[in-house]
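Below, chain A partners chain B and then partners chain C, in two separate complexes.
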Partner chain A sequence: MKRLQLQRWSSSALSSRVRTGSRLHRQIYYSGARFQSTTSNSLQFEDDQSLAGQQPTPPSTNSPFPQFTKHQLPSPPIQAARESAKLAALHARLYLPSRLPLETLARCLVDTSADPNFQFNNNSLSVLGHDLLTNYASEHLVCTYPRLPLTVIFAAMYAYAGPKTLHAMSREWGVEHAAVPGGEVDPGLLQFKRVAPGTNLKEARPLVGTTRPNEDQTTWRKSITSSVVYDNVFGDPELAAPPPAELSDNVYPTNDGINSEPPVTAEVASANFVRAVVGAIYLHAGRQAAKRFFEQHFLSRQLDISKMFNFSQPARDLARLCARENYEAPVAKIISETGRRSRSPVFVVGVFSGRDKLGEGAGASLVEARSRAAVAALKGWYLYSPLEVRVPSAMEEDGAAPWKPVYVDLGEVIV
Partner chain B sequence: MPVQGIRSVTSARNGVGAFILQCKRLDFHYCDWAGSSRGMVSFLKHQLNAFAKQNPQIEIRVSPRPHKHPVIKGHYINGREKAVCVRNLEPEQIFQKVNLLKQNSGEKNKRTKKPVTSINDSVRGIWSPYHGGLKSV
Partner chain C sequence: MATSIAVSKRPILGLPFLLPCCEPVTLQLRRAQSTYRRTKQRLRIKPDASFGSSTDSTQAHIIYNPPSSAPSAYHTPLKFLPPNDVRRTLRTDTSSSSLNIDALPSVFKSVPEKKYHLTREDVEEIRKLRASDPLVWSRWKLAQRFNCSPLFIAQACEASPQKKEIQRQVLEAVQSRWGAKRRMAREDRELRKESWGRDE
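Moving on to the complex of A and B:
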């Protein structure tokens, strides 16, 4: 397999301080020359505007450079990263590769709501990190549990790479939050603009402009298949990307002191930080390091998938499953019972297909015991896991053995 | 929809994949004048550098606290802090206290009655009175 050249296409997401040389880099350097700018704020504004439209001319370097003070900047300056003890401690605590500089880690800690300038916030890194995380998590789930129903896969994806988990991880990494973002703040703190306490988040921001057609029809049935097509990896409606015309105007937001970005919750900001760290590791240390980081920090967490099922009619589903797989129709039989006429009876019921016992359950009534038995049988089917699973990304390693196709199941039962 | 997924959050198992040291910050307070800080000042001068180099994951702060006994405070990831007064202690004894704070989880001290706790289900299963060797009355 030919290996992708990381350095060539990742330079747009890397910070301008790390690499030098290309034309792209000159652009980034120009637009990011916030600290060395010769112009006043209004002139800087015009420069940034012109940058989006036409080719920029390199800035003249022989004029004096008045420095911005720290208090005027929306996020800490780059030089502060080397002086922050918190940042160095965080770098060491996560055992991040030494190729990932402290400056990039500082950038990972700046949310879009704190600094709208894409050259200084973690937006690009977190987009990349999110894609990596969901890619690794989904290939692990699909290859390890090939028969999982889609709804359970969505829930498991949410458990591995969802914002709640990432927020918990950032807390467990010991990341502290800055009260208010600013240039004078320690760069080792997570910087974001906080939502005012007491804000009702659902009322404040109704989700409009999603990728789903007829999104205003709240009473319409939402099928799981449409969720695969329209929604994000967690099965939630996703905001549509703005059209390219709007994007090109906003690639380099101006730094005129007014931050119009909406405030975010700590959960969103922490999740973006964790994703950005994964993206930064991928860019600076390569694919293997990113995958190892995912395995050590994400995959090693405990998740019991057998507790993520919620069956509405298990007996019916089991009957449909047996019909699909050409098994004999399931029959429930009492295995043992006690106290049928008493206040607390117990029935142990097994579900049999021919001579094979598919599942067994105990309950206080016959119906309850039968449905428990059917749930046990369905879980036994859905939670099948082949031995010695290889995921597709294992092929990216050097000297990988030839790929053998993994087991792919028909999918869940359609009732 | 025949089956629905229940959303949950994965729980951390520190040390299974990656290990995160729970002590995130150590504060050293000393007094330049008082005699009870003599060992602490010597520790700060001669041993703290090496300790900080060996443990880069701990943020270290040193600050004077005039007319008070010397104190070491450990701040932990779970949000708690532990303080140890090191008055009149020798540098070696202070080093032991620093190691104690470094290796601590930050939880309250409690007596461990069962040496092994697990979040995984038992492999053997739970004994059931309704299976095997049933006696008919």
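Moving on to the complex of A and C:
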């Protein structure tokens, strides 16, 4: 059997990344401190087990470490991955590349709440996968629809790579959840510590310590532009990374074997699993395979962006847009109508700027039809898409054509 | 029964050739004829020109005859395309060229011309009047006096808190007289209005 050098691969790939990202901070410090530790505990023993794959060690009969059974381990041992039918079936079902070993797929299924040891859970892989997913999704959105308003971009990002979507995907992939994580569990099951039923998640965990300043001021206006600076890729407030000084103190999980990680919901655990799969594909099979996986599993999902708009005053917005772009002021005209004096009339109203029709809408009253026509015109503006869409990550391929700048718009209409 | 009454009201006696030997048979006949007209004659519609007859084109051709429906939101209007987009040269907007835009009636009967005739002193006067006696100088009165729109009055000055409180109490008094039906109908109207912006 070919020897697997998972530790070396993942740690080298992770530490070579840029360290500015807040989510990455928590993980990078582990790989260094891991091997400096001299404490002998169960987790240290597991570590040696995994290293045995890389360097043949003498038989453990005279080992100073006590012998542990599967029931004492927090997550399945690495050797169990080859014996799991569920894991092999999942690997085959997803058409994962053969360079991605079953052992890594088994590691993707272990959540932080199940095994706090960062050498054995999927945290590092899911951080990498999250960054890849959001990068690919955002560049696709911004290049395909360069005029989208920020709120729509945030909503579309959430629809493409948000936790709810990833949870639905892991259900579609047929991933089952283990009732309780443990070493004796089949490694083909998603392992995480469940939240007790009936827990109010919002009360249990108030979001404190976000990256946003003045977070205690709940009544202050929160502009959408500030979300770009302070919040995460979905426009939601995000927990700030602890400073490195605190991290170095608390690098190791507790020694007494008690899992101190808070329990998580199935949605969070499933989302982390899907992200970890993307990260694992990137590490083992390369950039192109990861991007192909993203296109086949994420971009192929149907998302109608034209349904994500909500205008409060469309006619006013359209007038401001025409003034900004130096078009003639929009004029609403009746194209056709029927049953004006009846109980259910239908008016078809078009919004014209000069001699060009901008939009058309039908409604039961003239005001409604005009409003709908203005909505159609605004959607026509915002949903403009260039003919040849090329994303920046296409430049990473071999023999890529020289980069031509993408269309950049002025931005949404501000009234 | 309603049919027979309606038939008997007509001056059938003045047209003797329409008068049958007995009335129920007439009704049945008339009914059959109208059914035939409705279901057969009226449905004999000439096919759309794009279908073409087989004599016109012997070769295979594309039939483009889309159903009448709202245009897609992904179809960017010609005016909204950037100047360097290829589609500007490729596409001629057939939908608007077929329409005679100047002949189309406007939605609003009269579009008010913006005059911009009020000066800074007038605005000061508006503010002073509204602050002096808000009950007398309402937005409507001020708009009539200064020959502008009530919207401009609202932009120029704000009502005093006392006046707002009075207005709120008046509104509450009016709404307290509404029954369940009217309240629900008003709420539904608001919900429908919100759904316009979501294009539902």
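Here is the rule we use: the second predicted complex is superposed on the first by the 348 of 415 C-alpha atoms of A that agree within 3 Å, B and C clash if a C-alpha of one lies under 4 Å from a C-alpha of the other, contacts with A are read in each partner's own complex, and residues count from 1 in each chain.
Methods note: a contact is a pair of C-beta atoms (placed from the backbone, for glycine too) under 8 Å apart; a residue touches a chain by one contact, two chains touch by 3 or more.
Keep in mind that what you see is a predicted model, and the values were worked out from it rather than measured.
Legend: residue contacts after superposition of the two complexes on their common chain; A:H297 is shown touching chain B, with no touch to chain C. In the superposed model, A:F309 lies in contact with both chain B and chain C. In the superposed model, A:D356 lies in contact with chain C only, and not with chain B.
More chain A residues lie in contact with B than with the other chain of the pair chain B and chain C.
Once the two complexes are laid over each other on the shared chain, residue contacts for A:L318 go to neither chain B nor chain C. Touch criterion met: A:I335 reaches chain B and chain C at once.
When the two complexes are overlaid on their common chain A, residue A:T151 makes contact with chain B while staying clear of chain C. Once the two complexes are laid over each other on the shared chain, residue contacts for A:L132 go to neither chain B nor chain C. Of the two partner chains, chain C is the only one that A:L366 touches; chain B does not reach it. Residue contacts after overlaying the shared chain place A:Y160 against chain B, while chain C stays out of touching range. Judged by the document's definition of touching, chain A residues 307, 309-312, 335, 362 lie at the interface with chain B and also at the interface with chain C. Chain A makes touch with chain B in their complex at residues 85-86, 88-89, 91-95, 149, 151-156, 158-160, 162, 164-165, 168-169, 171-174, 224, 295-303, 307-313, 316-317, 320, 335-338, 346, 348, 362, 378, 382, 412-415.
On the side of chain C, the complex with chain A involves touching residues 70-71, 73-82, 85-87, 93, 95-96, 99, 101, 104-108, 111, 193, 196-199. Of all residues in chain A, those touching chain C in their complex are 306-307, 309-312, 314, 327, 331-335, 349-350, 352-363, 366, 368-372, 375-377, 379-381, 383-387, 407. Across the complex, chain A is touched by residues 1-14, 16-18, 20-21, 24-25, 56-61, 77, 119-120, 128-131, 134 of chain B.
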